[in-house]
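Shared between the two complexes below is subunit A, which pairs with subunit B and subunit C, respectively.
And then the complex of A and B:
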């Protein structure tokens, strides 16, 4: 074998929104070996959770990831509620599923955009993100926030979805469905995209089992797993939907799974809204007085795969141990299989194909005028502005 | 002598072509932005970029050949300006040029790409090396169909190897774009120009998402400003060459001035639309595309030209 060059992807690279480091050992353009290093972003969330009460932990785990910010509270709620063994009200189940599926749609749209960007197809990037905006606005109307919705609590949800919001949501869903048709057409029928994605980063079903990969990554290799169906939670056993599978295991199959899953999500939300109409004016929350000693295990299907939470309680008001496993943890090691043997170009899109979870949050505290250097707004005023926008959205002034 | 210096430095050389190239670059960016539902930059943005880059630090690579690295962008601008003069003088109808100038143009059009490669390799950056190797492969793939198309044009214009004569032939007998071989040649040339300018789908030498702008990764400050300047000039020169080869050149008398401008803008618009409706292809796919499909098309153009279509 000839001399090998190291092509670094990371720790800071346009491909990665979050610091991660992939060393590609290349012979010419062919990737011969790959070493990945993570841990640049360690924030000690599990330890922080042990210092918070069971109620507060929701808002900590929500901030693990800005994109799938409801999947962690979802899994945590399942874990905590399994300790006393409470059954949440039907209305809360529907609302939880609606939030979870809306998040899946916006996350998949975000991935389609990013994948386009990594391929140099910036038009798809911009379009997908534009079509994602109404979903985020809908989140703002329902929960008050575009991200980190603070919707879940022990024993139910914190906010109800009223009839008016439901009709608004239905309208947005019809719109999104139309736009999804357009994106599916643009991606699935483009010969250049076929040439670029087919047969790239192939993972066989054996590889999936070997690495324990989950979610769309696994389903694109015909591995039929989905927590929503295998261990139903919230309202997923009360509605009709099917698990999307695709053959091939290449990047194209992963794109296919994600695009088609959006249609299923739309169908689930529509059925949940029907269910909400039937269970008119029911409770959205039951009171859980205390969490008895014991261990709780909960998982949920995040847009990227199974999120797993383990919570141990000693009867006090905060967890004594909280273990979290995000889907990317099992999906990232598959890179060694999907990238080695391909070219550097293929490695870029193959790493993006599992949609590694980038947990980035940026905070703006003050805005200055560029020319005069005068302070215009501080954090409190920005929050006020944001709340005013939410109010306007709810009153349909925007 | 004074006239030559004027040609090279003012019109149609450095100053003129970089201004027009800057505006065309703005046009490209504005159209891209509108296609992507964005607002787009103001008219003078390319010039702001250039001036801003001039005021920035120029960071030299630690492990590279500093002299070669610094000289490469200057030669890129030189090459682009020489190409501008040789292409634009006959295209504008100012001067007739010399016999065989089309062959010289083929050579000088490659100078910017070659100097980017030399600069990238001199920087000692592995990503730049990957970018340079891709650029080399790309040059090897697009040059052959480009030459074949030129042969078909030379055949059509009655064995003339002088750009001004080719344009004069078209003015007399109608533009080549009106014939079958002309249309095929135009398509092939458009693809070659897309690759020459490093636009998507053939921007793998830069490949932002893969190798972080590969070939230009180490350029900063003044050197990067010069690289951008060479790119602006090439964005004007290559469409102008297409106009000369297929659309009977430019004419600046009366209403014709509008047509001349429209021709260049149309070619740039086509390039922009191609780059906004395609993902980047892999280098091996690009090579196959040029070596097989584009060569076949170019050869068919030659055959059509020989039988007079």
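And then the complex of A and C:
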């Protein structure tokens, strides 16, 4: 075995905002192994939930992760509502789906931007984040906050979407669609992006099954899973849409899945808005007096995959046990498969491809010298390396 | 006017440290860089290492695992440095103050110069907070 170099990334990584820590064991340019360390972000949320009432838990789970601040309440609502077995009003179903899909669009745009930055396309980063702004403004109009929406409650939603807001939303969606076309064009037709992303970080469908990966990571390897279709909740069985799949399992396929999913989300929201018009001024919530003793299980499709919540009630005011499993929990271990064997300069984008969310998983990137254990490179340098590779490719006009 | 207010008038370089946040505050900080808010026009930018920074933005609650790292990052920072706590979590502990993994409010760990409350504070209020601090007489 030759001399190995270890590159440590993190815990304070300049771009991925959360504390996370990876070690890449390298032999020359090739990544031989990697380990990650997490737990920096562990805030004891499950325990806090047990001290809050069922109603208050919504606002706690919302703060697990800022980007998925609808997905967690969604899964929790499904879990808690399954205990008494309540059916929420139609209008509430539509509004829940609208908020959920808006979140998917904003999360995917955010990912496209970050991926662009990793590849040295800072213009894509700026553009994607600029197009994300109208969506956040829309969130502010509908829910009252740009993030952490506090929209859900047991038995429905807390705010209605009126006709005026619906028209505004439609307009924003049309704009976003146009911008998505632009981004799709920029990604799909660029030879340099093809050269950087095709064949990088490949996960076969067997790997997906082995690791239990979910969401766009799985769908990019032709694994046809999506909670929204497989176990419909809210309004997803009342609208027409399709699950986006892509072949290849590489980073390119993952980008493709995310970009095309945005069109589906736009279609879903539009149909939900139609539905809202029809269900004109119905109730947006039903009163749930108490949660009987029992066990509730709920899941929802977050932008990153399946979120799972387990709630146990003893008939009191608060859950006696609350268990949460976020999608990144199963997606992050796939790094070992997607990075190992690739080059160091591809590691940044291969790890970013699953859109890891460490605050969901409470987990951490570094490169170390294998023999001496010395830190030799940090994430900033790693990103620089990745950006330099794109530049070289551009210069060579691949 | 103290030394800090005197030296930090223009072109602040900012380092962002997430002690144990939910990502929202962090994303809103990144949002400040993007075209809508564009703090780069003031010469401000996010830097990759705290050794280059004039301002340290801390988000999230300090957890037991990040406690020593937060202290270390603060020690590595060139002094004087302005420390700003962003969000309810960094200001008070917010929702997580009762958590078993909460290592105490940020200002008990490192000296904090300014607090920007909100969950998450909007980019506008972050800019307003920084400006208010800088214009303090």
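The rule is simple: the second predicted complex is superposed on the first by the 356 of 398 C-alpha atoms of A that agree within 3 Å, B and C clash if a C-alpha of one lies under 4 Å from a C-alpha of the other, contacts with A are read in each partner's own complex, and residues count from 1 in each chain.
Methods note: a contact is a pair of C-beta atoms (placed from the backbone, for glycine too) under 8 Å apart; a residue touches a chain by one contact, two chains touch by 3 or more.
Everything numeric here is computed off the predicted structure, so don't read it as measured data.
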Just checking: does A:118 make contact with subunit B only, subunit C only, both, or neither of them? Give me first, second, both or neither.
first
Given the touch rule stated above, what does A:312 touch, subunit B (first), subunit C (second), both, or neither?
neither
Touch check for A:148: first (subunit B), second (subunit C), both, or neither?
second
So, does A:6 touch the first partner subunit B, the second partner subunit C, both, or neither?
first
Now for A:63: first (subunit B), second (subunit C), both, or neither, which partner does it touch?
second
Touch test for A:41: subunit B only (first), subunit C only (second), both, or neither?
second
For A:110, using the defined touch cut-off, is the partner it touches subunit B, subunit C, both, or neither? Pick first, second, both or neither.
second
Common interface residues of subunit A - those touching subunit B in one complex and subunit C in the other:
14, 125-126, 130
Touching subunit C in the complex, subunit A uses residues 11-12, 14, 17-19, 39-45, 47-48, 51, 59-60, 63-67, 69, 110, 125-126, 129-130, 133, 146-148, 357, 359, 378-380
Touching residues on subunit B, where the partner in the complex is subunit A:
32, 35-38, 126-127, 129-130, 133-134, 200-201, 203-204, 207-212, 276-285
What residues of subunit A sit close enough to touch subunit B in their complex?
5-8, 13-15, 26, 28-29, 116-127, 130, 190, 192-193, 195-196, 343-348
In the complex formed with subunit A, which residues of subunit C make contact?
16-31, 34-36, 46-50, 59-61, 63, 65-66, 69, 73, 95-96, 98-102, 119-120, 122
